[in-house]
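Data first, discussion second: the structure below is written as structure tokens.
Which chain is which? They are A, B, C and D, in the order written, and residues in each are numbered from 1.
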Amino acid sequence: MRRVLHIGPEAIDELALLSRRRVSPDMGAVVCFLGFVRAAEDGAPIDALDYESFQRMAEHQFHLLFDKLEVQWPVASVRLVHRIGVVKVNEPSLWVEVVAPHRAEAFAACQWLVDEMKRVVPIWKKPVPRPRAGTPAGP
Amino acid sequence: MRRVLHIGPEAIDELALLSRRRVSPDMGAVVCFLGFVRAAEDGAPIDALDYESFQRMAEHQFHLLFDKLEVQWPVASVRLVHRIGVVKVNEPSLWVEVVAPHRAEAFAACQWLVDEMKRVVPIWKKPVPRPRAGTPAGP
Amino acid sequence: MAVKVFFYSYFKDLTGCAEATENLPSGSTVSDLLQALATRFPGLAAAEKSVLVAVGVEYQDRSYVLKEQDEVSLFPPVQGG
Amino acid sequence: MAVKVFFYSYFKDLTGCAEATENLPSGSTVSDLLQALATRFPGLAAAEKSVLVAVGVEYQDRSYVLKEQDEVSLFPPVQGG
């Protein structure tokens, strides 16, 4: 299984990622997931999320997930990019692509990977609040 | 819900489709699916699949599915392109994109749409066999 | 009444044509139409169980009562994607 | 033995630092470490139930017996994506 993993502060360059996609002729399905920063976090408007990672462990935990994924589904390729640092509202923080022979396994593997990532990969986010208009800055 | 549907013979232009993606700031998840023509159909090597559609009914049935999708999940946008005519091995015949607030509904809606499409939308495929090397052409 | 019938996918090969017109007594159902077509196109009779039927752009079952001007489409299970 | 401890996410705010060293009797467990840290960093004590613990790059539970040179990381539930 091809594995591409990147955790870094650069904006996610979807076009560059697409240009490096490899689908062999026996593969029938590609599923991509993008996670975008939403305008509200826990009901409060935000400007951005500030992501922090424990980089070495995050990479290790991602590779453990890739190991498990490979055992469960006949996936030919998994590529995952997680942006860290400040990611503005309406920008993607996560991009995942799974290539498999059939759609059922591509969907299942991609969704499982995102679910598990949110359970075990040491990355955290901190809301960057949106200053309320007309509210003076605090003391 | 935004709906974009195209059933036609043109090659699927993924970059052009991406450039027209719209994700509002309250949307957190985008799921894309691509279906590729595989090198073998029912165990026999092929060069391509030749897709035929009953165009007017296919469009109507897709819109019925979009109606049902919209009732089941809070999806902001669904875009679907199905190529018809001859689609070579290793080229995509189907592209689907779903934009939703959260990933669970984006995955569920996208997978449901592809599953249902394969059940009700009048499109058919005919294998274009790969000539066996050294085998003379038939009478 | 005259009912127009369209064939798709390999049903065109089974019948040798893409469309046909069948004259039926008024009140005839899709089932009656299929019986009449089976006589005219024996190749179609073998596939009858898997035939999907649409009138206009909607699926209909075999008990649907046909009306003058109905456009009936017959096709095998769909295979998009 | 000296055990190095790293804090992530808001645990850095609770403790006021990104890392610390704790001296423990040999044979001490993660649980012993957490107790010692709770005394030193009262802010951390309140969060104790939700603390995730890694030694090196692997998750470990509270019964893990610490070794000299172990690098322990403490952090709240992860929130990637």
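Going forward, contacts are C-beta pairs under 8 Å (C-beta built on N, C-alpha and C of every residue); 3 or more make two chains touch, one makes a residue touch a chain.
As the structure is a prediction and not an experimental result, all values here were calculated from the model.
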Which is the least count of steps on a path of touching chains running from chain B to chain D? 2
Maximum centroid distance from chain A, chain identifier (CA atoms): C
Distance-wise, how many Å sit between the C-alpha centres of chain A and chain C, to the nearest whole number? 49
Cα-centroid distance, chain A relative to chain B, in whole angstrom: 24
Nearest whole angstrom, what separates the Cα centre of chain A from the Cα centre of chain D? 27
Here the gap between chain C and chain D, centre to centre from mean Cα coordinates and rounded to Å, is 73
Per-residue multi-chain contacts in chain A, two or more chains: 35, 103, 114
Per-residue multi-chain contacts in chain D, two or more chains: 81
Can you identify all of the chain pairs that touch? A-B, A-D, B-C
Where on chain C is chain B touching in the complex? 6, 8-10, 52, 54, 56-59, 73, 75-76, 78-81
Any idea which chain B residues touch chain C in the complex? 35, 51-54, 56-58, 60-61, 82, 93-94, 114, 117-126
Within the complex, which stretch of chain A touches chain B? 14-15, 18, 23-40, 89-90, 92, 101, 103, 106-107, 110-111, 114
